[in-house]
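Paired with chain B in one complex and with chain C in the other, chain A is shared by the two complexes that follow.
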Partner chain A sequence: MLAVPPLWLAIGAAGLLRPRSLRLSALWLFPLGAAAAFVLAAASLAELAEPAQSLVLPLGLPDLPFHLRLDPLARFFLFLLGAAAGGVSLFAAGYFRKGEGTAPGLLCLQYHVFLAGMAMVLLADDAYLFMVAWEVMALSSFFLVTTQHRIAAIRSAGFLYLLLAHLGAISILLCFGVLQGGGWQFTFDAMRQAHLATPWSSVAFGLAVLGFGAKAGLVPVHVWLPEAHPAAPSPVSALMSGVMLKTAVYGLLRVSLDLLPQPQWWWGLALLGLGLFGALFGVIFAAVQTDMKRLLAYSSIENLGIIFGGLGLVLLFAASGHPLMAALALSATLYHCLNHAFFKSLLFLATGAVLHATGERSLGKLGGLIHRMPWVAWLALIGTLAIAGLPPLNGFVSEWLLLQAFLFTPQLPQPFVNMLVPLGAAALVLSAALAAYVMVKFYGVIFLGQPREPALARAHDCGRLERIGLSWLAAGCIALGLLPVPMLALLDAVVRQLLGTGLGTLAPWWRLAPVAVERASYSPPLFLLVGGAVTLGAAWLVHRLYHGRVRRAAAWDCGFPLQNARMQDTAEGFGQPIRQIFEPYFRMQRELPAPDDPRPAYRVTVEDRFWGALYLPAAAAAQATARLVGKLQQGRIAVYLLYSFVTLLALLVFVL
Partner chain B sequence: MTHLPWSAQFIHLAAAVLLLLSFAMLTQRRILSLLDLFATQGAVLAASTAIVAYSSGRAELYYSAALTFALKVLLLPYILHRLLRRLNVRWEAEPLLNVPTTLLVGLLLVIFAFALAQPISQLATTLTRSTLGIAIAVVMLSLLMMITRRKAVSQVVGFLALENGLFFAATSATYGMPMVVELGIALDVLVGVLILGVFFFQIREQFDSLDLRHLEALKEE
Partner chain C sequence: MNAANLLAQIVVVALAVAAAPLFMAWVGQCRAWLANRRGPGLLQPYRVLRKLFHKDAVLATRASSLFRIAPYVQFGAMACAAAIIPLLGTDLPFATAADAIALVGLFAVARVFLALAAMDIGTAFGSLGARREMLVGFLAEPALLMVFFTASLIAHGTALPAMATAITGHPLAIYPSLAFAAVAFLMVLLAENARIPVDNPATHLELTMIHEAMVLEYSARHLALIEWSAALKLFNYCAIGFALFLPWGLPDRVGSGMLAALPVVALKFAAAGAGLALLETVSAKMRIFRAPEFLATAFLLAVLGLLVRLLLGS
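Up next, the complex of A and B:
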């Protein structure tokens, strides 16, 4: 298992042998990387429950070697990385066809360094290696985002990403600085031993939330996601959204449940509030987007918000002495991480296939692609249903479990928290329902209806390798949806490691009943059986009753003779109710055409309020400070000499 | 003061002359005369070093004196003279501060330097300890000269005078620096002057003048 990251690095380096050769990287290197990823996933899954293994590498600075550790938590995230990255790599092998700005060999290097960096983040057992790997991950993904660096908008998106990534990295670094607790030992083991006073552990937790939140797109440090994801090539977006965001979740789990001694109840409450606010915020913004990749980026903000909300619930329960409920919430959260890795990668890859086939990212110019691209459309349908949280697919399982955790709220010691948690459940349900709405819009506008542009008639389906990649991820969505009980049994090792208690036995395999069968249970195979039978039966009945008796005639057109594909409901139209209801959330600018305009155009731009409230003032403050410092720089040698002279005099006066 | 041996008296005289020369350099606006003053300063420095060597019986200080003489009286003034002739610069432009003000500031600096040197020279055991204040004053006056001048050449002269002051401080406080350090510094000064000579030509080629005001445009707006 440990051989996989070096293997990825070697594959990346091999891409440099012939950087211009597309055949080498597409036919050999990317599939080889995918195979390595699958091996990693299989090995991690097989050993998930094994005890922790540690290793000290003979690398690193003198007296500061790299420490590695494989424990159930790391193995679970390695499994997630391998399983999602395998599918993405297979897709990428077929996807990077024309060379997307950067030479294919170089792209292959950046891609595999990115994979290896993420794996090393998960394996690291000291703060030093963790930060090195974290930066490798951030920088390689920055270069991947700016693959088409000749476009100015992509460069500025990349810069924004880099800025927030470094803000987060500084915060994580400070967090480790607090965690070492005066021992100046930076291995995680030493941090576990360091007994921090409560105020300091709260500081460490706050820094960790800020640092890992900046990587995971926690509101309000989320602004890079909707810029960077559309800028990046689709397999990169898929990896970043599906896997990289989860490394941030891993980091927060590691710090808050493993390294910090005792969680405080209000940490959980704060994280719960932040997460659920992010979930609602993300899904509302997703509903009004007209760019398909931006839409998915906001949907990632929503899903990560749900995950962070779940983590908050875990901390809340763990701190108030309800280990069983904490275990349930943690299982649900981890399950949702895994699910999101599968369906979000699948959807990002599907948008990539659409983008390649049509050259169009704007929802207003797509439509009716299910006829042209049946493979992509049907596989994307699975992802769409999964992310919308419909049974029997995987999204339902995790959201249902999390909802159970919310609703079985035991008596918490703080009465007002007791009242707040059901509100959280309501927010969760609202965001899940809105997510379904968003996904109907996403799928309907792209794949259903009539093509909105004549150019769409030339769209073609994706190639063989891409189909395999998409199918793998779709199969993952189905398998995780149908077989939650075996998967949860595997997750039990992780939960036990972090909380000390697990969910216990969940048998039988076909029925999921987390607390008690009388309270709530869910049986995916049964649901599939009944749902399938009803659907097939109805289809058969309709077929029997109406076969041969269908009359085709022109539909009534309300007396309006001209009808074309542009009259279909658009993405803007679909999002309009949400825009209306949640208007205070947005900063909207609308341009309505004048009645006598011969070429009427309607435009609406929706902006994030955080830009005006947080980011622009911060940028202005930074600029003002820089200008103040710039005043020192007069350009006159005499003035510079005067500075040295005055400094010298001041120091001499000081010693006098 | 009459109990002092003649060597100590001579060193005190040299120190006074050095200080006087520094003030003269501060007021001198003709660049050629400035160079002559610099050369004189170098000669006085070499002489005082030789006296220190004689009176303390340290042979390596003779080398140091010889090096000072060769470098600061002969070689550097020669190089700078040639540069001036090739560049055709004679007059310093109007200094940034007028001469009376500069002199006043200089006086304050000398007082400050003496105040600064007093506790140090009480600790020192050398023959020449009382001249430390003057050495520091020379360093500060040279810095002041670099600040108030506009032409690049006079700034270089100021820089070299500063080095003279440091050298004098070293001999007066501790009987000179180790030979290796001194050789290194001498080489640095030489190389520095050569590089600055190249810069003069570059600056003149770019701006048709050696006035450093033109460099002010080189900052970010």
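Up next, the complex of A and C:
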């Protein structure tokens, strides 16, 4: 397992041998990297419940060797990394073309360094290695985002990403500084022994939320996601959204449940509130997007919000002495991480295939692709249904588990928290229902209906490797949806490591009943069996008893004679009800044509209020400070000599 | 799970599927009587279904296979839902395969497939209907879930049989929280089944229709299945209402008690149908953008019910 990150680095370095050769990276290096990823996933899954193993590498600075540790938590996230990255790498092998910015060999290096960086983040057992790996991950992904660096918008998106990544990194660094508790030992083991006092542990937790939240797209430090995801090539967006955001979840789990002592209940409440607010925020903004990758980026903000909300629930229960409920919430949260890795990677890759086939990212110029790209369309349908939280696919399972955790809320010591938790359930179901709206819009506008541009008639389906990559991820969505019990039994090792108690036995394998069968149970295989049998039985009976005759004719459309592709709902049209209902949440600008305009144009832009409220003032303040400091720099040598003289005088006064 | 239970389960589902058009006809007949008309009789939906099944299906040239499978998926989902809801007893085997949350998920499957099918051909009305349907759905679904959550707090679980028995278990218990939930549920029922005041099942005026706009391009057997599953959906919703708010008379084991329960259930349906017809006759259809307010009210009422249950324990 430990051989995989160096192998990825070697694969990346091999790409540099012939940086201009596409054949080398597409035919050999990317498939090899995918194989390594699958090996990593299989090995991590097989050893998930094994006891923790530590290793000290004689690398790094003198007296600061790299500490590695493999425990169930790290193995689970390594499994997630391997399973998702395997599919993405296979797709990437067929995806990258020549002449798109960075040369293929260099891209291969950046891609595999990114993978290795993420793996090292998960393996690190001291703050030093963790930060090095974290920075490797951030920088390599920055270069991947700016693959097409000749476009100014992509450069500025990359800059925004880099800025927030470093704000987060500083916060994480400070968090580790607090965690070491005065012992000046930066191994995680020393931090576990540090026994911080409560105020300091709360400070560390706050810094961790800010730092990891900036990576995971927690509102209000989410603004880089909708910029960077559309800018990056699709396999990179898939990896960033599917896997890299989860390394932030891993980091927060590691800090809050492993390194810090007993959590405080209000940490949980704060995180629950932040997460659920982010979930609603993300999904409402996703509903009004017109760029397919921005839409998915906002949907990632939603899903990570749900994950952080679940994590808040875990902390709340763990702090109030309800370990079983905490275990249920943690299982649900981890399961959602895994689900999101599969379906979001799948959908990002599908948008990549669409982008290559049509050259369009804007929803307003797509449509009807199910006829031209059946493979992509039907596989994307699985991802769409999964992310919309429909049974029997995987998105529903984690949503179900999380709702159970919300509903079985035992009596918590704080009465008002008791009242707030069900409101959290309300926010969760609202965002889940809105996600279905968003995904119908996403799928319907891209793949269904009539093509909105004549050029779409030339769209082609994706190649063989891309199909295999997509199929793997879709199969993961189905398998995780149908067989949650075996997967949860494996996850139990992680839950026991973090909380001390697990969910216990979950038998039988076909029925999920975390508390008791009489109270709540869900059996996906039986569900699919009965649903499928009834559906197919109905179809068979209808054809048997009557007939299966079909005639083709022009669409009826209430008899309206004029029908063209422009008359379908656009993405703006489909989002219009949401824009109207949630109007106060948006910063909206409308431009309506004058009544006598011979060429009327209607334009509406929807922006994030956080830009105006938080980021633009912060940027202005930074610039004002810079200008003040700038006044000191006169550029005249006499002035600088004066500064030295004054400093000397001041020092003399202080010392004497 | 023995053979008798399995048989009972199949019989109950078959009964629900067969009786759903009858219930639809009963509501229509009551509406006709209230409007001082004679009405088409109780067998009219069956005649319509028979006619539609015999016709050749006409598909638009642009229709993909998604368009053709959607009616079957919808019908399957509704029949599956009939198996989950405790209609004639609380001890049927399929009830443990899915709880109330999965039931809501099942309704969502049907809705999403129908909305996608409506967008498939790419007509103006199809996508308009899909958008409106999803608008109603995203507000009604959370409201329905909150109703279930209120009941689940009383029953200590989200399994539907547990909810039904929790209320009958305490003969004299009156729950104010359930009263809030019941009102919210009624509003959701009206919205989800395309009834007045949210949608009008009888309209074909293009600008006001929701459900009808989505199914405009369907014909023959596909249309028959959609109509049938719409009837089954209304039937299912009423059965959920009985299970949550009027669960008296449900036998707790498989056997002859289920036969005895049949007239009680039939009576409940007759009363509910008449009540629904009365409600639809005295109210007017809302503008489409009033629908979110209507459903937001339902959502808030359900949340209020939940809070009443949590804070006052009643």
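Keep in mind that, in the parts below, the second predicted complex is superposed on the first by the 628 of 656 C-alpha atoms of A that agree within 3 Å, B and C clash if a C-alpha of one lies under 4 Å from a C-alpha of the other, contacts with A are read in each partner's own complex, and residues count from 1 in each chain.
Basically, a contact is a pair of C-beta atoms (placed from the backbone, for glycine too) under 8 Å apart; a residue touches a chain by one contact, two chains touch by 3 or more.
As the structure is a prediction and not an experimental result, all values here were calculated from the model.
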May I ask you to decide whether A:526 touches chain B, chain C, both, or neither, giving the answer as first, second, both or neither? second
So in the superposed three-chain picture, is A:27 touching just chain B, just chain C, both, or none of them (first/second/both/neither)? neither
I'd like to know which partner A:588 touches here: chain B for first, chain C for second, both or neither. neither
Between chain B and chain C, whom does A:616 touch in the aligned arrangement: first, second, both, or neither? neither
Where does A:437 make contact in the superposed view: on chain B (first), on chain C (second), on both, or on neither? second
Identify the partner contact of A:636: answer first if only chain B is touched, second if only chain C is, both if each is, neither if none is. first
Between chain B and chain C, pick out the one touching the greater number of residues of chain A. C
With the two structures laid over each other on chain A, which partner does A:153 touch: chain B (first), chain C (second), both, or neither? neither
Is A:515 touching anything from chain B or chain C once the two structures are fitted on A? First, second, both or neither. second
Quick check on my understanding: which residues of chain A belong to both its chain B contact set and its chain C contact set? none
Chain C-facing residues of chain A, complex: 367-368, 370-371, 381, 385, 388-391, 396, 399-400, 403-404, 407, 418-419, 422-423, 425-426, 429-430, 432-434, 436-437, 439-441, 443-445, 448-450, 511, 513, 515-523, 526-527, 530-532, 534-536, 538-539, 542, 545-547, 549-558, 560, 563, 565, 567-569, 573-574, 576-577, 580-581
Contact footprint of chain B on chain A as seen in their complex: 630, 633-638, 641-642, 644-645, 648-649, 652, 655-656
Residue set of chain C touching chain A in the complex reads 13, 53-54, 56-62, 64, 66, 72-73, 75-77, 79-80, 83, 94, 96-99, 101-102, 105-106, 108-109, 111-112, 115-116, 119-128, 130-132, 134-135, 137-139, 141-142, 145-146, 149, 152-153, 155-159, 161-162, 206, 216-217, 221, 225, 289, 292, 299, 303, 306-307, 310-311
Tell me, which parts of chain B touch chain A in their complex? 96, 112, 115-116, 140, 143-144, 146-150, 155, 212-213, 215-220
